[in-house]
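Working notes for the structure below.
Should a chain be cited, it is by its letter among A, B, C, D, E and F, assigned in written order, with residues numbered from 1 in that chain.
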Amino acid sequence: MRLSNIQQVEQLIERALAEDLGQGDVTTEALVSDDEQGKASITAKARGIIAGTEVAKQVFLKIDPQLKVDILVDDGVEVRPKNVIARIEGKCASILKAERVALNFLQHLSGIASETARYVKAIKGLPAQITDTRKTTPGLRALEKYAVAVGGGKNHRMHLGDGILIKDNHLSALRRQGLSMKEIVARARQETTNTLRIEIEVKTPQEAVEAADAGADVIMLDNMDLQDMRQAVRLVKGRAIIEASGGITLDRVRAVAKTGVDLISIGALTHSAKALDISLELE
Amino acid sequence: MRLSNIQQVEQLIERALAEDLGQGDVTTEALVSDDEQGKASITAKARGIIAGTEVAKQVFLKIDPQLKVDILVDDGVEVRPKNVIARIEGKCASILKAERVALNFLQHLSGIASETARYVKAIKGLPAQITDTRKTTPGLRALEKYAVAVGGGKNHRMHLGDGILIKDNHLSALRRQGLSMKEIVARARQETTNTLRIEIEVKTPQEAVEAADAGADVIMLDNMDLQDMRQAVRLVKGRAIIEASGGITLDRVRAVAKTGVDLISIGALTHSAKALDISLELE
Amino acid sequence: MRLSNIQQVEQLIERALAEDLGQGDVTTEALVSDDEQGKASITAKARGIIAGTEVAKQVFLKIDPQLKVDILVDDGVEVRPKNVIARIEGKCASILKAERVALNFLQHLSGIASETARYVKAIKGLPAQITDTRKTTPGLRALEKYAVAVGGGKNHRMHLGDGILIKDNHLSALRRQGLSMKEIVARARQETTNTLRIEIEVKTPQEAVEAADAGADVIMLDNMDLQDMRQAVRLVKGRAIIEASGGITLDRVRAVAKTGVDLISIGALTHSAKALDISLELE
Amino acid sequence: MRLSNIQQVEQLIERALAEDLGQGDVTTEALVSDDEQGKASITAKARGIIAGTEVAKQVFLKIDPQLKVDILVDDGVEVRPKNVIARIEGKCASILKAERVALNFLQHLSGIASETARYVKAIKGLPAQITDTRKTTPGLRALEKYAVAVGGGKNHRMHLGDGILIKDNHLSALRRQGLSMKEIVARARQETTNTLRIEIEVKTPQEAVEAADAGADVIMLDNMDLQDMRQAVRLVKGRAIIEASGGITLDRVRAVAKTGVDLISIGALTHSAKALDISLELE
Amino acid sequence: MRLSNIQQVEQLIERALAEDLGQGDVTTEALVSDDEQGKASITAKARGIIAGTEVAKQVFLKIDPQLKVDILVDDGVEVRPKNVIARIEGKCASILKAERVALNFLQHLSGIASETARYVKAIKGLPAQITDTRKTTPGLRALEKYAVAVGGGKNHRMHLGDGILIKDNHLSALRRQGLSMKEIVARARQETTNTLRIEIEVKTPQEAVEAADAGADVIMLDNMDLQDMRQAVRLVKGRAIIEASGGITLDRVRAVAKTGVDLISIGALTHSAKALDISLELE
Amino acid sequence: MRLSNIQQVEQLIERALAEDLGQGDVTTEALVSDDEQGKASITAKARGIIAGTEVAKQVFLKIDPQLKVDILVDDGVEVRPKNVIARIEGKCASILKAERVALNFLQHLSGIASETARYVKAIKGLPAQITDTRKTTPGLRALEKYAVAVGGGKNHRMHLGDGILIKDNHLSALRRQGLSMKEIVARARQETTNTLRIEIEVKTPQEAVEAADAGADVIMLDNMDLQDMRQAVRLVKGRAIIEASGGITLDRVRAVAKTGVDLISIGALTHSAKALDISLELE
């Protein structure tokens, strides 16, 4: 995934600026004259993976296209406290107005990239991949998924339109009608475009077999224990991609990866990552 | 603060739905017929304070105004695992489409309310108040500040237009011009409307005195140790409101409150709270 | 596909009304008083398949929620000249203002459904399916694809985000780098989410084999003659879905279907269908 | 008419791009690196009149302002198969992303211009003018009317606000009140601004006389046969502009023009023109 | 003109509310509970013509659809101090939030209607009509022109697209090319749709004759003295509509009307009318 | 206040242009070729203070970024008839299209600045300040408040979110509950952020004392006579800022200022100022 859908990012930046600056910045406007020039640096205050530098840069340029913004640390690079991430030069007032919004983006996205990287590191050497979910902060999904990719994760569905994922709530609705797993997959194939794969959520190794027999492309093992995961992998490996999901923690992720699953999806990457501590100082 | 600025919340919901459903829900549309009726319950899977039930309700109703949504737990109430927060009844397909977005709002806001409540509880019995900052997730500030209030916190500035807060970066720009604290406050008074108070960030007890002498309404003690905070309180208490800021943790917050400060502001309430675990099950 | 993404259709209707009524309807406002009640009927003036009745209804209700609009012919039904498709009752002025925009939608979509139905009928009894393309009228894609489905066609990709389709222009860019088909498919798998299938456009039966060997899920035979199509089908049938594309006409479509291809995609369904003649008369 | 109302065209382009690229271009993003440069040409594959080159150019530049787009064939010029219409140079990925939307505009508008030109050519040497109607594709009216002008047609009303056209449905509502044609025209004059002309639709030569006597500026002969048209022309020519409307085909248009009418309006120019076949190839 | 273009008025109301309430109403939210019910009356405090009651009503209903708003004085009616214009009943907080925006619309539009009515009254008994111009407050044109109509004026062009008005600045550009008035009018006829009339601005009676000879439908006498107006009327009356424009005051308007002109256009109706004094009181 | 919230001004300009040019400029498009270059000057035709030159400039540049616009008179400068305010050079057609909208902004804002300056001049030498209100033209508040500042006034609240102002309608709602002024102020303090001041509207000197005792930061004397104002000032001066409001005229303002009040707020600055006469001539 690339940060290329400019329009969407631009809108997010505009909204974030509207939220903070929609009524002006009374302090800066009262105190800092438009003539005042200055330099500022954005500095890491904790260890982590940086993500969102381009977004932060765009925030500054949106406020004042005359600002000179130099990114010193590219997205995906690890920083330690006191590392300078970027330098900004130009009108003081512009730097002060953009500061908070730029940092809010940068800290949030770097927090997600850092958390993802911790999981990726924890399974180092194993073939499984860490992936995200749709459990994202409302309005920020594209950026958050970008941050996951920056942290070394692989992106799962972006939204409800780019993949068929038949979850337990779908299955319970369908089984009331007496439909078998095979019939469910067949119906999904019939009713959707040929361009999408079909994934099914299962609770037991037996269901995993059933799903594979029905022709599912991807099988999600929902909240299984390690033993069940191993069995599911043994029974369906090679016939479908296998995804572990639910209750994955940093402590447990390596053991999960060792069961042989292909993907490990983790909601906490996007819904519970702590912001990375980063600050801006005028020189 | 009330959740009354409907227009803004409505837009947030629309954007979140567009993000997830802008290209339809291929799975549900392929598999679940429009005739299928169902019931679902939203259930807590962890302990915490609920916030955002009205937002979640609006998500469901935006997708399908015919859904019946009963909120069983009001915002501000503490839940334990297995407590049912809401029940939804109506078209299965509508419930499935709205599920993720509704939960994303509810989990995020409840996470913030829960984190706030932990800090509020930690200083119980002391006069200080927990307050938030502008370190919020881009685009979600109003809702996040609402969640802080639900958790028992007091809201600080909503944006750069509803309060004058002269921070270190402003001061460093102003002092280069040789302005004294008194001159800075006077200029702020002169240049802004009469309806806003003036707050100044200081690093030492001496600066706190200087700020009080200059006529600041609120003084922010930035990253001071407990001893300096106590001294600042002793020197300026009663002449201005005193706010402690920077490096506040759950472990340390009670000690900070005991120094006698009026407000304790904490960025982590909004930028690093974990989502509260909540799920939806179709019956 | 269902007409369920209400928000998008509503916006299209609003834009179409803004285009026609943004400056008012000077004639109706000058001549027809707001008291005047009336009845109107929408009548087919040619033979074809109706699509878009719900859209037309929404146009009337957007202008005046008090209008009573009865749809007598559902989408997908064939009409002949003089068949009454809908009746509207209420304020004359409202009916007159909405008339043209409602008919413009209904005629355009019914034209597409009718054209699709002609192709579907032409291959009756054969297993191939008629499918659309991204060659749609700018701004109207969702509705036009809906009309194709109403006419009996199957929808292909909705947009560039819900399917991987490696076209000749991609291949020519990639081959300059010396990549084999196998390497191209592998890279596509690596770089995208696991939820999407991979389709490749080929020019010869040999390339079709190469694509199948590389693991493509769908193979598009671009502008092949019937003999080449038959050979391609013989060589790869069962290993991938086969789509015929380019230069398909009503005269030729049955012969194409007989080659054994699974899908036949036709741009003309959406970019060159004639509007179905439909009129509105006040009684 | 000029293509000068930039804002509207820009919005149309943005919507069309949003429709196709709102979720990114997964294929190009997965396979084509941002370093890859390329050249492409847009080539006619059928004979016709080109319209919309500037729109197509703007589509490319919207995706990537760094692209170099050279228009080789101006709007209004006739092309034959293999004529190169434009050349594009720059990032391969950008060209691939913009290709379909640019072609969709160019093919649709060139189709309309070509169809218009066929009618204009058919009446060559006669004083009548070919004009369009409000039977346009929802959302695209301004561009479609521009294409009609490019093809040599004259534009009729853009919308319901820039001309008074009293149609049969208005008349039937008004006559129920016992109003004469004279009273209807007088009321229209009284109730509208002085800047607009008044046109009336009539069914018979006698009504045409009645309309001319009432002071109509333009008289529309609705679905008359040639004999009635000739009579209407004889009776009112010089007192009002005369427009023929309804059931005009390429075969019949010259005979209609020979009746002496001033304008011949044709809905099919905009609602039923086939797209002109045009393609883009990367070199 | 009717207040029927609901969409536009709704947007104006939304923007005005966003402007005042975009950050909430901190006073009302802090002090007035949502339970508190109340009654309020809107009362004239000066003499004038009321316009905009429906807009004011919509403002209240936008804030709170549960409010009961009774309009006691319809648009176009004259009020005197203490006349009650409307009564509102419902949630106190809602009334307080909507008050200022509702009054701002009502006072502004009533001010325009009142000023128009003063001019209309001044020429009572004479055949001339008072008309407005495009000198309106940015963003409010439609409403302001509605208020002029309420005050008894006739609307001139709504915008640059619904009438051809060749002003001195156009003429000076055209005459540099050596074009005669006749050639200018002919070109305007050729280049525009047949639905619009042609108006020309002239400075002398001789130019008025020239314009009439050239076939202008309307002739605007720009800043002429009474004698010149009389002469222009004598020379061209009956061949074109005559409009007096420029420097019209209440003192002078009757003398202008007596010259025999058909229309008198006055920019001050919309750009310089004083707001009518109107207030809201909670009972 | 600075004209720095670019986004909002840009939207206002876009709306104003859409209003006037949304359907094109049929006259200019028909008559003035795109090759035609020209020069124009904007000239004062009356005496007053100029405000809005940057807005006018942006209007021209929005229409045509190639125009050269030189501002000769900065905002805040006084002009006399025939003073040239700006010169524009470039495409004639662009100048003609932008003319009216640019002038509408410039005349409206200069009218407000001029009216404000008259009041400011009337109290010259006295310490009181002239301030505005929320009685502004819907949609134009920010610009109108900017014009007040240009004219020498001080801005009051921008909207309902940046200041607590407890008005008579709030008080009447609150007193029904038996709350004292002290309790009301305490509740306002409790329920709102610490960054806002509290202002109360009072009718008598006794109430002013009560408000000061309750801790109000600002006290608004509503419609008091001069004697009451003097008494209120004598009783509360120094304990709170005192604002006179209601019924202020140019004749009376100096007497009001002499009572010793700190602020004099005047709704007529924004709701009833006459446009300043300014014109544009092509050379």
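By our rule, contacts are C-beta pairs under 8 Å (C-beta built on N, C-alpha and C of every residue); 3 or more make two chains touch, one makes a residue touch a chain.
Being a predicted model, the structure only gives us computed values, none of them experimental.
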- Message: Using only Cα atoms to place each chain's centre, name the chain farthest from chain E.
- Response: A
- Query: Residue numbers at the chain C-chain E interface: does the shared fraction exceed half, giving same, or fall under half, giving different?
  - Reply: different
- Item | Centroid spacing, where centroids are CA-atom means, of chain B and chain C in whole angstrom | 46
- Message: Could you work out how far the Cα centre of chain C sits from that of chain D, in whole Å?
- Response: 22
- Item | Chain centre separation in whole Å, for chain F relative to chain E (CA means) | 22
- For the pair chain B and chain F, the C-alpha centroid-to-centroid distance in angstrom is 34
- In chain B, residues with contacts to at least two other chains: 21-24, 29, 158-159, 161-165, 193, 196
- Message: Taking the touch rule as given, give the residues of chain F at its contact with chain D in the complex, in rising order.
- Response: 14, 17-18, 21-24, 29, 34
- Parts of chain A lying in touch with chain D, wherever the complex brings them together: 1-2, 4-5, 7-8, 158-159, 161-162
- Within their complex, chain B touches chain F through residues 154-158, 161-165, 193-197, 199, 217-218, 241, 263
- Message: Using the touch definition from the top, list the residues of chain D that touch chain C in their complex.
- Response: 12-13, 15-16, 19-32, 36, 38, 40, 92, 95-97, 99-101, 103-105, 107-108, 111, 134-142, 159-167, 169-170, 172-174, 184, 187-188, 190-193, 196, 267-268, 271-272, 274-275, 280-282
